[in-house]
Structure formats: structure tokens, C-alpha cells
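Okay, got some structures for you below.
One chain, chain A, appears in both complexes that follow, with chain B as partner in the first and chain C in the second.
Let's turn to the complex of A and B:
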């Protein structure tokens, strides 16, 4: 399974990717929406882990852009906060809407869950 | 002491606004009008505008009536005097005519015959009465014939004043005098010219008894008095209550006037009299009728009292009306103003909560990201320890990392709570999980409970399904109630929140504390705005009032029972089906939305 992590906090995203790989989940990571768009051009991913609030282009907008290229791609949102609107819409759009800080085991369970739904 | 009692009684009946607003009680009160002053001004202005015209009209009427009564009194006296004057004049004229008739009817020779004169006297006595003697005096002043009790025949009157007056004017009426008989009487004398130029005089003495009777028969009332004086002021007839006959009267002799005159006379002893008088023509007599003024004004006194009673009753009715209306209107303003302040405060309170929510969310967000990094870094450290086997058995290191981890988890729980609380501040109907709402509120106040050693038990029945309600309002309701309970309890109390389903239609939530309780008297007022027993420690008296409004707004009811020193229980009933209340809100929104 192929995961793409997008979060403007490099320290967070880098460490999370490393911890996932220790658990056998390969995840690429980038720190901006632009980098994510570049990445998506030559890779196919099963699941996106997106930060909702990022400078310039946020996670929800990025999801729409990526979906055009890879329709049906699964998403889990990660956020440090969220307005009521983000929460309501985000919960509907994505498989999961998780609040930081996250528990790694909980996240892995959700990842499996999200992909399991797909039928993989 | 007495004043306090009066105030206590007044407070029972007087409208609340007179005591309801004390600017010292709290900052909100200065936004309210000074109702007791407003009420006083309203009463005073209305009363003045109503009572002043009433006073003016009454004063005017009082004077007009008094003048009318006075003038009526004077004219009545004047009428009596005129009538009596006519009677007295008639009495005298009658006797003079009788004498005239005698001299016309009898020749001088016949009159000087004592036998004939005696018959005439007898006839006169029969016809008129009160005639004591009669005599004929010739031109030389010699009494040539006399019939009476005294031996006056042959007496010469030529040098007397009255003789000269009769000669000069043809008639003479004397003052009243006692004479030999020692009986008050007066004399009428007329002269008669005979053929040949000579004359003689017919003279008769008349008792004043008949005259006195005439005067005494006048109906003058208890204090009235009618009498005759001569031009020297000497009483000619008895005046009861006054001096005896022949005494000089105390009042000054009235000035001569051909008509009847009436004037007011105040004696030196404080008595006030209405005096009417008339000079009786061709006599030395002045008729005087005196009446005590007070007696005459008796009818006025009665009218005066009636006017005063009318005025008093009028003022009383006006004042009752004025006070009633002023109280009614000021009370309405008071109620409206209270509502205004309450709404103002409610908005302020909601805004405050929203601000706190935003601030909390901001802080939580700022903390969450670094917290997430710490979480991942410490997680990675632990991963490295465990996956590399290098430090897997170093319990101390693993313990340290776990400690960091659990602290991060704790911080995370707090920030999540803050965010969740802030997120639901917006007011709108949405599916609500009651247990979650209550837990969030308690989570917010959990630290305080922990420090104060207050034990909180939450017991929400699993039967309760998620239901549609306004989450923000529910949060406020429970926050207010829990805050209220915390304020009522000393450290170490118990707070119990229980929710059960009722007949599948309502949710019944009870919030029970072991606080100081509320007295029965205060219990009635607890949901009233501005009622607070904690004004000195910052209570506005609006918390429970707002809670009451909020519960009503989401279609519920709230009730309270309490025992002093045992605790208080609030019972809230919430509808499971919010359709009705949503419909109501929609209608209200529609009603206040601009048209067109």
C-alpha cells in the first residue's frame, strides 16, 4: 500500500513517516500542497494523510485537486484544530477526521480500516 | 423601629420597582432607570395637572357661593327692615288718621264736652286699644278738655316744644317716655284749623305695647333683634338680649338715610352683626334690625363643609387614579426594561462565551501542533528503543519515554476538549449526544472540582438516543447549573447529574448538589432577573434567569426544589422531538425578517 503524507510541519510529517515505516507501512511525505501535486504526477497512492490547515493551499483543497487525477482515492484528515465548518465538511469528505496529537496504533487501525473499505 | 415596620408593610403592597433597583448592587443596574424617581415625577406631574384645576374651580366656587350667600343675607335683612318700617309707619298712620277722623267728625264744642270725649276715648280703645288718655288743647296751649287717669285739665302747654311743633307742622309724634303713669308711652298730637282762623289740638297718649308686639312678632331667628331708637340713640322699645328701654344703645347711631340701609357691624368683643335700619318719616324713630352674622351664615357653613368634602373626595379619587395609573405604567416600563437588560446581558454572556471559546480554540491550535511533534518524536524514540532492541530492556528509559507520551496525551485531551467546546458555540439545531455535552461541560470544570474535592457523578441512561437540539444552548444551560451548584457547595460536596428517558417523549435531567440550599422565600424568586444572594461576590442575578430563558427557547421546562443546608435539585425536561420548537423559531425569524 502506498501512502502520501502532506503536512507543513516537517518535524511532524518526517517522524510520522519513519514510525509508519518501522511498522511496515511505506509512506512518502511532502510539506506543501505544491510538492504533493508534483509527487502525484509520477506516483499512484492508495491513501492520503492530509493536514487541513496549511499555508496557501489547505488539505481540503488539495484533496479536490488530487481527486481529479486519481478519482476514488481515500483520505484521512489530520488537524491541530478545526472550525465547525471544517469538522462537518471534513468528516463527510474523508474516511476519518483525526485530531492531533494522534496515537500511532489508532492511526494504523484507521488506515487499515480506510483501505479495507476499499476492498484491498 | 416604627419606620422599618411601615417600610415592611409597604413592601408587601407597593410595586417592586420602588425597591427593585439598587445601583450599588452591580454594574448592570446602572443601565436601568431610576424607577422610584420616575414614579414620583409621574405622580407629581399628573397630580398637579389634575388637582390644580380642581383646587382653582373649588376656590372660585367657594368665593362665588360665599358672596351670593352674603348678598342674600343682606338683602333679606333689608327686606325685613323695609317691611317692618312699613308696618310701623302704618301703625302710626292709622292712629293719626283716627285722630284726624275725630276732629273732622266732631265739632270743637262736642270735643270739649268731657262726656262726649269720654265716649270717643272709649270707642278708640275698643277699635285700636292701647290709648290711655285724650285731651283737647286750645290755641293758647290750655288743655280745655281731658279724659284719662290724671287731673290734667287746665294744664298749659304753650311753652313746650311739642306744642310749638304741632302748631308749626300740624302733627307731632313724641319720643317714648314714662310720664306720670310710669308706663312707656308716646304721644300723637294733631292740630285742626277752625273757621275763623283759630285752631285747636287733639292729643292722645298711646302705649308702646302694641308697637313692641309688632316688633317681637318678627321672625328673626334666635339671634335676631328688632327695636326702635330715637335720634339720640335711646331705646324706645325693648330689645331682648340688649339694653332695657330708655338706655342708650352701644352701637353708634346710624347716619340719616331716606331708604333702608344694611351694613355689617363688628363689635369690640369680636361679635359680627348685620344691621339694617330705616328712619321712620315724620317721627323721631329709627327702626333697627340686628342679626348675628354667624347665625345668618349658617346655611353657608353647611355649604362650605359640603364644598370642602367634595374637594377632599375629589382629590382623593384623583390621587388614587393618578397613583394607580403611574404605578401601572412605570411597572410596565420596569418589566420592559428588565427584559431589555436581560436580553442585553444574555447577548453579552453569549458573546463572552464565544470569545472565550475562540481564545481557547486559538490556544489549543497553537499548542496542538508542537504537541503533535513532541508526540511523534517521543514515539519515534520509543520505537527505536523497541525495534532496535538496544534499549528494549532498559526499563528506566522506556518509562521516561512513556511518561513523556502520557503527558502529551493528557495535554492532547485538554486541547481536544477545548476545541470541541469552542466548536459547538454556534447556535443551531443539530443532533446532540446528551452524554457528550454534559461530559464536555464537566471536563471544562473538572479541574476545579478536583481541586475542591467535589465528587461528580454522571449517570446518563443508555436509552437516550441522540436528539435534535441546540447544542450551544444546552452547553450554556449545564454550565450555568453546574457553576451554580459549585458556588453553593463547600469543598468536598457531591454533584450528581442524572438523565433518564420519560415516556419516549422527554428527557428528564436532574442536577443535584449537596450545597447550602435555598430558602423557601428565595426559591420563588430564583428565576427572576436580578435576584441574587451572591451580589457581593460578583453574582449578577442573571445566570438562572438566563438558564430559564434558554430552557424555554429549546422547548423544555425547568423546576427547582431545595432544602436549606441539605441541597438543591434542578429538574430539566427536554423534548426528544424538536420539530415544534423549530417551527416556532422559523415563524419568529419570519416575523422579524424584513419584508419585500
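Let's turn to the complex of A and C:
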């Protein structure tokens, strides 16, 4: 399976990608929506892990942009903190809406679930 | 139950709540980095126990990252503490440079998220006025939030404090899309009450895209 992680916290996204890699899940990572758009042009991904709040273009807006190029792509949102309204809206749009800090085993279970276990 | 809610008090609570929410978001981000770094250390420790080699340089980088995040979170909490203490006294000696710097830091997540660069040209020497710091902070926060709606294409707002004969002025420039209509909508009852309570005025110059707050030297006189 191929994942794309997008989060403006470089130390977070880099280390998370490494930890996923240690568990056999390959994940590319970038730190901005603009870099994600560039990445998606020549890569196909099974799942997006998107930070909801990023400078200029947030995860929810980025999902809409990427979906135009890769319709039906699965998404898990990550957020530091959000309002109940954010949670309701985000949960309706994505497979999962997870709060940071995240539990790696919980995240992996959700990734497999979102992909219908095809990554197992 | 009464409908007579104090508009200025309610606006103050809204300001405090928004800043608190933003700060909790930032702290959670720091915790998330520390969590992943600690998790990675746990991962490689388990690998080392199984005889696999450890990349010492990577461990050093992770340790540095965790220390950096602890410092970051500590600064965030210190700033929150400064904001909380600005309610201690209804009138106290207030260094405008320090207050503006605090507001830049507390507004950073919002401004960065909206892609707006906010900078300040601090005065030298510092300008000190006797005022209610919390409501000055609230006013600056309100103007910054409004300013992001009317900022020019450069997406940059500059804040400049200035000593004037009657006290101090704080100029906000870069608001090139400022219109009389937008300004009229912005000047709500809570804002008017805050200006009155601080014995201050809000002046605007749409042509040069500028808003200026004028404060007296001493609010108690």
C-alpha cells in the first residue's frame, strides 16, 4: 500500500513515516499542501493522512483538490485539536478523524480498516 | 436568566477562549512530535535487543527534536500565563513593545494558517502607558483578525507603536482592501465599549490601508 502523509510539523511527519516503515507500511511525506499537490501528480496513493490545520491550505481543502485527480482516494484526518463542529464535519468527509498525539497501533488498525484490509 | 449580557465582557471571554483553543492546538502538536520521537526510540530499542544496529545520529536528532518541542511548549505556556496575568490589575504600567510581541506570538497560528505575515517595528526606547493590558490585547487581536480580511495582496500586516504627545499610537498597515463599509461592520458594540473603557480611539485611513489605535498615557487620569 502507498500512503501520503501531509503535515506542516516536519519532525512529526518524518518520524511517523519512519515508524510506519518499520512496520512494513511505506509512506511518503511532505510538509505542505502545495508539496502534496506536486507529489500527487506523478504518484498514485491508496490513502492520505492529512493534518487538518496547515498554513494556507488545510487538510480538508487539500482532500478536495486531490480527489479531483484521484477520485475515491481514502483519507484519514489528523488534528491537534478541533471544535466539535470541526470533528463532525471532518468525520463526515474522511474515513477517520484522529486526534494527536496518536497511538501507532490504533493508526495502523484504522489504515487497514480504511483500505478494507487490502494492505494486510 | 437575563439577556443583558455585558458585550465587552463577552468579547473578552471570546478572545480568551479563542487564544486558549489555539494554544491547546499548539501544545498538542508539540506532544505529538514528542510522542512519535519517544515511540521511535521504543521501536529501535526493541530492535537493538534483537541484535539490530542502531543509528546513533538518528537518536541524537530525535533527542534534539524532543528538547526543542519541550522548549516550544514551555514558551507557549509562558505566553498563556502572561495573557492570564494581564487581567490582574485594571490599570498598570504596560510596555507596548512587550504587549505587541505577546500578541504576535499568540496570534501566530491563526495568521500563519491564513497565510498572512504579521511583523512589528518595535519602538526604541520602549513606550510605556498606564492602561488595562487585557483589553489592549483584545483590541489588537480583534484588529489583526479583521486585518486579515482586508489585507493587501502582499498578505503582510505591519504593527508600529509610536509615542505621541497624548500617549501612544499603534499603527496597523498593509490593510489595502480596507473600505468604509468593512470598517463600519467591524466597529461593533463590544469594540466601541472597549475603546471607551480604555479612553482610546480608532482612526482609519482607507487610502493608505491603515488603522491606528490611540491610547492615553494614563487611563486613570
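Please note the rule applied: the second predicted complex is superposed on the first by the 116 of 120 C-alpha atoms of A that agree within 3 Å, B and C clash if a C-alpha of one lies under 4 Å from a C-alpha of the other, contacts with A are read in each partner's own complex, and residues count from 1 in each chain.
Basically, a contact is a pair of C-beta atoms (placed from the backbone, for glycine too) under 8 Å apart; a residue touches a chain by one contact, two chains touch by 3 or more.
Computed from a predicted structure; not experimentally measured.
Once the two complexes are laid over each other on the shared chain, residue contacts for A:9 go to chain B and to chain C alike. Of the two partner chains placed by the overlay, chain B and chain C both lie in contact with A:18.
In the superposition on chain A, A:55 contacts chain C only, with no contact to chain B.
With both structures placed on the common chain, the touch criterion links A:101 to chain B and to chain C.
Contacts of A:87 after superposition: chain B is touched, whereas chain C is not reached.
Contacts of chain A with chain B, set against its contacts with chain C after fitting on chain A, overlap at residues 9, 11-12, 15-16, 18-19, 22, 80-83, 99-102, 104. By the touch criterion stated above, chain B contacts chain A in their complex at residues 361, 364-365, 368-369, 371-377, 379-380, 383, 387, 408-409, 411-412, 416, 419, 423-424, 426.
For chain A in complex with chain C, the touching residues are 9, 11-12, 15-16, 18-19, 22, 53-56, 58, 79-83, 99-102, 104.
Taken together, the chain A residues at the contact with chain B in this complex read 9, 11-12, 15-16, 18-19, 22, 80-84, 87, 99-104.
For chain C in complex with chain A, the residues that touch the partner chain are 21, 24-29, 31-37, 39-40, 43, 47, 62, 65, 68-69, 109, 112-115.
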